[in-house]
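Letters are used for the chains, namely A, B, C and D, taken in the order the chains are written, and counting of residues starts over at 1 for each.
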Amino acid sequence: MPNAPTGFAHGLTLTQASTMIDVALAKGRELGLAPLTVVVLDQAAQPKALAREDGASLLRPEIATGKAYGAMALGFGGRELARRSSKMPGFMNAFSDLCGGRAVPVPGGVLVRDTNGTVLGAVGVSGDASDKDEICAVAGIEAAGLVADTGDPE
Amino acid sequence: MPNAPTGFAHGLTLTQASTMIDVALAKGRELGLAPLTVVVLDQAAQPKALAREDGASLLRPEIATGKAYGAMALGFGGRELARRSSKMPGFMNAFSDLCGGRAVPVPGGVLVRDTNGTVLGAVGVSGDASDKDEICAVAGIEAAGLVADTGDPE
Amino acid sequence: MPNAPTGFAHGLTLTQASTMIDVALAKGRELGLAPLTVVVLDQAAQPKALAREDGASLLRPEIATGKAYGAMALGFGGRELARRSSKMPGFMNAFSDLCGGRAVPVPGGVLVRDTNGTVLGAVGVSGDASDKDEICAVAGIEAAGLVADTGDPE
Amino acid sequence: MPNAPTGFAHGLTLTQASTMIDVALAKGRELGLAPLTVVVLDQAAQPKALAREDGASLLRPEIATGKAYGAMALGFGGRELARRSSKMPGFMNAFSDLCGGRAVPVPGGVLVRDTNGTVLGAVGVSGDASDKDEICAVAGIEAAGLVADTGDPE
């Protein structure tokens, strides 16, 4: 059936991804943040769902995606990537070139794990300060019944 | 207010974009189509919203985005781009290289116009045959009260 | 009408953009500055108008465009981008890679807002010292009856 | 004087380039064409001036620039590039890759020569059918007192 590709496993369902986005955006409104862009990447680091609030600047989709992509690419939440940018700039510059500049190593890229620790994807949020972006990502992931890994030791 | 970039006009609201995606996906389920990916681009051809159904193959987000991007870049719906690929292969190959391979010139990329004809963005759908993808894009756009321009003469 | 793509909204008219360029260049001559290049980007960060004075060096169009593009991409005038380059070099290096090196984070990239705060585009000027480039961009924007946002708190 | 780079020769003056753009756009209005984008490149194939009319689609600046760039890169007007795309597709594909996809080998890219035949730059026009775009480019070049080379034998 050439017109019906199917059977690809994403780790996350679209229902879960939609919950993450809705709750992350609601948290941003509750906190009075600047317009947010939220993206959910699957186990292949491919987009599962994305939403950009009215008024957000132009490159926010790429930045939000870059935060989530960086987390998937190296296997750490954005806080650990930010630490490595400070401690290992040579490696992180090479990493940036290696992935064609697609990764943004700052807080707000959060790994999504199930309760066994398996990585199902990542959420990226951009629009306000990185710390606040991250709060919204975590709220979305937890509302979907999953575990947020920001890259900080628990 | 350095942490609050705002004031960017997108042409489309997130509410309109969400309606387009929800209705396009519902149309695909009604018709029994393969898993679909739907993307809504704004007036700047930047993503406003995206959703990929469970089971869709890996590059569907790029293909759906490429259909919508091609329509925005040249100013025609995907059917006109497909015709030009047949009639003007030299130009269309150059166009593909010019935009870094980002455009996909087939049906399923549909311009979104308001009732005055102003282009507000574009919808791209990928997953089933291009004709069926297009049906879903049109359904979404019309459900949002806007005008779908597929690239065919009316 | 396949040969007549139209209906694309730019935020700025060509008349406004031409005024910005003419007045910015006149300000540069009044101040005795080096040859300037002035570019006006629209709401999609695409060029609306550009002019390069006689004698300007080779890459000035890309530099002027990069100043305006950086402002559009992140949603701040160039002065805020310059501050972030000092305070957040990791993020700004990632941002540069993310946008393919297209952004130049220095003064002289100025957002164009209407009186409601909506971003209509950006002006970039390059050729003399960044502070002086910026003076010319602001003069052009104000002459068109619009509001210049340099990235400094008011 | 580090802040005053100067002395770069462009082949064309900004006054000449502005005349070319004004007259090319006026010709398009006279003929009732779709919204046009006109760019003038100098002897280094760098932008000297550009204007995009209201309503033109997103990628027109790149297409207009690509027509003029292709002419400068190979030294023929766009009609000869179009012929070579048909007769020598292997070479023209390699050429497209070689210049990073920057060239668009169709009519509407016109070399600007002085009366001695020296190439001073090129004009690119995009927005309507290529033949009509070219008419506007030629009108602009001749109004500046220079010679248009479309790539057709005289």
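The rule we apply is simple: a contact is a pair of C-beta atoms (placed from the backbone, for glycine too) under 8 Å apart; a residue touches a chain by one contact, two chains touch by 3 or more.
In this text, all values refer to a predicted model and were calculated from it rather than measured experimentally.
Chemist: Would you mind naming the chains that touch subunit A and likewise touch subunit D?
Modeler: Correct list: B, C.
Chemist: Report the chain whose CA-based centre is farthest from the CA-based centre of subunit A.
Modeler: When every chain centre is compared against subunit A, the largest gap points to D.
Chemist: Name whichever of A-C and C-D has more C-beta pairs touching across its two chains.
Modeler: C-D
Chemist: Distance from the CA centroid of subunit B to that of subunit C, rounded to the nearest Å?
Modeler: Averaging C-alpha atoms per chain gives centres 29 Å apart.
Chemist: Could you please state the distance in Å, as a whole number, between where the Cα atoms of subunit A are centred and where those of subunit C are centred?
Modeler: So the centroids are 31 Å from each other.
Chemist: So how far apart, in whole Å, are subunit C and subunit D when each is placed at the average of its C-alpha atoms?
Modeler: Chain centroid spacing, subunit C to subunit D, equals 24 Å.
Chemist: For subunit D, write out the residues touching at least two other chains, lowest number first.
Modeler: 56-59
Chemist: When you draw the chains as points and link the ones that touch, which shape shows up: line, ring, star, complete, or other?
Modeler: Drawn as a graph, the chains match no named shape, so other.
Chemist: What is the complete set of touching chain pairs?
Modeler: Final set of chain pairs in contact is A-B, A-C, B-C, B-D, C-D.
Chemist: Quick one: in the complex, what on subunit A touches subunit B?
Modeler: Residues 3-8, 10, 13-14, 17-18, 33-35, 42, 44, 46-59, 61, 127-129, 132.
Chemist: Could you please specify the touching residues of subunit C with respect to subunit B in the complex?
Modeler: 1-2, 5-9, 11, 43-46, 74-76, 80, 83, 113, 117-120, 151, 153
Chemist: Where on subunit A does subunit C make contact in their complex?
Modeler: Interface residues on subunit A, with respect to subunit C: 56-59, 62-63, 66, 82, 85-86, 89, 92-93, 96-97, 100-106, 130.
Chemist: Name, in rising order, each residue of subunit C that touches subunit A in their complex.
Modeler: Going by the criterion above, the answer is residues 44-45, 72-75, 88, 90-91, 93-100, 119.
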